[in-house]
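Worksheet: one structure, shown below.
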Amino acid sequence: MALTREQMAQRVAGELKDGFYVNLGIGIPTLVANYVPVGMEVMLQSENGLLGMGPFPTEDEIDPDMINAGKQTVTARIGASIMDSAEAFAMIRGGHIDLTVLGAFQVDVLGNIASWMVPGKLIKGMGGAMDLVAGAENIIVTMTHASKDGESKLLQRCTLPLTGAGCIKRILTDLAYLEIDQGAFVLKERAPGVSVGEIVEKTAGELVVPDHVPEMRFA
Amino acid sequence: MALTREQMAQRVAGELKDGFYVNLGIGIPTLVANYVPVGMEVMLQSENGLLGMGPFPTEDEIDPDMINAGKQTVTARIGASIMDSAEAFAMIRGGHIDLTVLGAFQVDVLGNIASWMVPGKLIKGMGGAMDLVAGAENIIVTMTHASKDGESKLLQRCTLPLTGAGCIKRILTDLAYLEIDQGAFVLKERAPGVSVGEIVEKTAGELVVPDHVPEMRFA
Amino acid sequence: MAGFDKRVTSYEQALEGLEDGMTVLAGGFGLCGIPENLIAEIKRKGTKNLTVVSNNCGVDGFGLGLLLEDRQIRKMISSYVGENALFEKQLLDGELEVELTPQGTLAEKMRAGGAGVPAFYTATGYGTPIAEGKEVRQFDGRHYVLEHAITGDFAIVKGWKADKYGNVIYRHTARNFNPLAAAAGKITVVEVEEIVEPGELEPGEIQTPGIYVDRLICGTFEKRIEKRTVRD
Amino acid sequence: MAGFDKRVTSYEQALEGLEDGMTVLAGGFGLCGIPENLIAEIKRKGTKNLTVVSNNCGVDGFGLGLLLEDRQIRKMISSYVGENALFEKQLLDGELEVELTPQGTLAEKMRAGGAGVPAFYTATGYGTPIAEGKEVRQFDGRHYVLEHAITGDFAIVKGWKADKYGNVIYRHTARNFNPLAAAAGKITVVEVEEIVEPGELEPGEIQTPGIYVDRLICGTFEKRIEKRTVRD
């Protein structure tokens, strides 16, 4: 069975470490915050200028001057700091963020990522995505393995305009966890009940399948 | 008579305007602060990170965490702000300082200035002088017209290593106030009692002498 | 004292000298920390053919979205132009030009503009359409793109509190692009919620020193929320 | 909570891993805001062959001057090396290398190092010995010099107050190069006068966010004054 959005978030949370500064993109990445293991602490960065994002506010706490990069009203946790946008991106560009999780349209075997533009559709803009993929040392892409039409999103070469070149090493899809190594996807784990055959079939780019591909485990 | 250091400072103060942000170098430039005309207000910047330098502290006010770019203990005036050194120089480099006054060893007809190094002597370093001459829109150099040995400091070409190239337009010496225009010094004013002849004699670089060269006036 | 008193008494005065065809830098992220009254004054003034540098372009009917209604903006330099029907229409009709710029690069370009750095290298956008036509250079084996500074004829900025010297502090994440715009404007106009007595702001806590500020005005703000999210 | 608790309990721990030949960025201007106890610990440790990036080199017998006594510094990158007899002697004897860098360029190089900008253009130093061997380029008809970022294996920083998360504020002009060094160190060690309870520092007033800080220690400081000037 393909992973649910919640399961994908839960699996990504398994990559967190105590004391990590983390930037979570919009969508599935945002859900990762719900699965931080008990006893572990991470600090969430929001690239508009907030390090140490807390939960959404209560009705009473809502403050139009306190929003995240998704423009949602948020709170600041104990230990938070607030800075201007140049400083927030200095943090990102300077490689100070331990982990960035973001969605994508396509990823290829060279670690290229396309996530911001589909030619012919209206362009909304890349926001901070290009800075994040160029700046973070450690990025996990979350996306469905294939589009609704069944087209693979793991390609030999991205066909959409890139967000970043050669910057992705780890991908979590609804079917598998893969790493990119020496110009190929390497299948590391499969979703419970998903066969290697299905993953092979839905992966357009070169895929290395080890002898043993363990199933992901969820608590 | 050649101007005293105090008179030189007083003459430079005549170039101040109400609301100017000003950076004063060490030596004679520092004295300019004593001659700000009554009813006029200027804000002094110190490039270590203080905008709005006040007077020296009283014994009781002395604070080792409050110093100026000359490393002297100072105070902050009402309306002051304190920033890190990158921001202090952003202010300078970005052309936000209205007037910079600094000393020099030599100036030439191209507006080159040499003020930081005499080969063969120990080099102490340029500090912020190179940033100041490159960043300020408006610079006045104060220096004696000639060295103690009688050698002119206003040259056709500087012989000492430069602090900045083509950035000086105005010079106040103990003998004259001059401007640089089209590759020559232009004699604008002479110190009271100093003859045009003496200035001509002590100026090595090309000098334009207008028909009428007024004497400086001091209140 | 007049020399450092940056206060003006009307929004008309605040934007005196703003002319057709100028470049305006605007603070704010989404609708958070936008100079909403200065934007409204630009609409009232009817200035046309503007290049506006702002991370976003407001929404339909609020913020910079207001300036689209009378086609006052010729070109936007932004990272995300958002959910704005009128924007979409003008873009597709070719009435509006958009120069998309990654958010961090946009912030750094404005910072560079204020700091007198004409150009800098960044890894952001290497190998993407953003790098097309730009110089690419390797440092330590990694590729970087040369990006140029941005400055504006005017900067319009929203602060929280200021003193009459133009020393400004911002509130929470309403800081965002505001101090960057403030430093990069030839004429910088700041509107704030409160003008406090001189000396009330500690020198060390000031986020935009008055040297960057030409005009200061106290306003009242709607502070519309774009995405109201709450927990139980 | 352990993950964000940056506190260490000894100066030995604070500088664990500092090795011969490393590059150390030091905050401070003159003797103002220098990490005096961390410098003293480097002396105690006896680490040699260091490259030290600091605007100044202390004075004889205090601050970075201490590290000259046992010839621990191989190279200084500074704007002004000051009035320091031992410094002068080692320089003339060829035991010490000095890379003079204009003060604003030094600050910007450190800022660039922390911010992931590998290089930037500045007008400072154009046409002077500082520009020799460096790329010069014109923007808008003016000449600029290409300068590269500086980072350090360690940064040693003096703050005023911090919380255990490593969020730091500085006091008055003791800020100077400290936040720049903090952001540009691979391992950043901050010593402060006081460690306050979490939540005591407002998020918006923090000058060095904890993300830049690896180790935090509370010390006592002499705060020697270099030029004591008073008015009557």
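In order of appearance the chains are A, B, C and D, and numbering begins at 1 in each one.
Going forward, contacts are C-beta pairs under 8 Å (C-beta built on N, C-alpha and C of every residue); 3 or more make two chains touch, one makes a residue touch a chain.
In this text, all values refer to a predicted model and were calculated from it rather than measured experimentally.
J.: By label order, what chains touch chain A and chain C together?
T.: D
J.: Between chain A and chain B, what is the separation of their C-alpha centroids in Å?
T.: So the centre of chain A lies 55 Å away from the centre of chain B.
J.: If you average the CA atoms of chain B and of chain C, how many Å lie between those two points?
T.: Here chain B and chain C have centroids separated by 35 Å.
J.: At what distance in angstrom does the C-alpha mean of chain D lie from that of chain B?
T.: For chain B versus chain D, the centre distance works out to 29 Å.
J.: In chain C, what residues contact two or more other chains?
T.: In chain C, 108, 111, 115-117, 122-123, 170-172, 175, 203-204 touch at least two other chains.
J.: Where in chain B do residues touch two or more of the other chains?
T.: Residues 50, 76, 82-83, 89-90, 92-93, 135 of chain B each touch two or more of the other chains.
J.: Pull out all the chain pairs that touch, please.
T.: So, checking each combination of chains, I get A-C, A-D, B-C, B-D, C-D as the touching pairs.
J.: Given the complex with chain D, which residues does chain C contribute to the contact?
T.: Against chain D, chain C makes touches at 108, 112, 115-123, 139-140, 142, 144, 148, 169-172, 175, 203-205.
J.: For chain B, which residues count as touching chain D in their complex?
T.: Chain B reaches chain D through residues 46-50, 55-59, 62-68, 70-74, 76, 82-86, 88-90, 92-93, 112, 117, 122-131, 134-135, 161-166.
J.: For the complex, which residues does chain C have touching chain A?
T.: 29-33, 55, 78-83, 88, 91-92, 98, 100, 102-105, 107-108, 110-111, 122-130, 143, 160, 170-180, 207, 223-232
J.: Where on chain D is chain A touching in the complex?
T.: 1-4, 111, 113-117, 163, 165, 167, 183, 198-199, 203-204, 206, 209-212
J.: Within their complex, state which residues of chain B touch chain C.
T.: Residues 17-21, 40-43, 45, 50-52, 76, 78-83, 89-97, 135 of chain B touch chain C in their complex.
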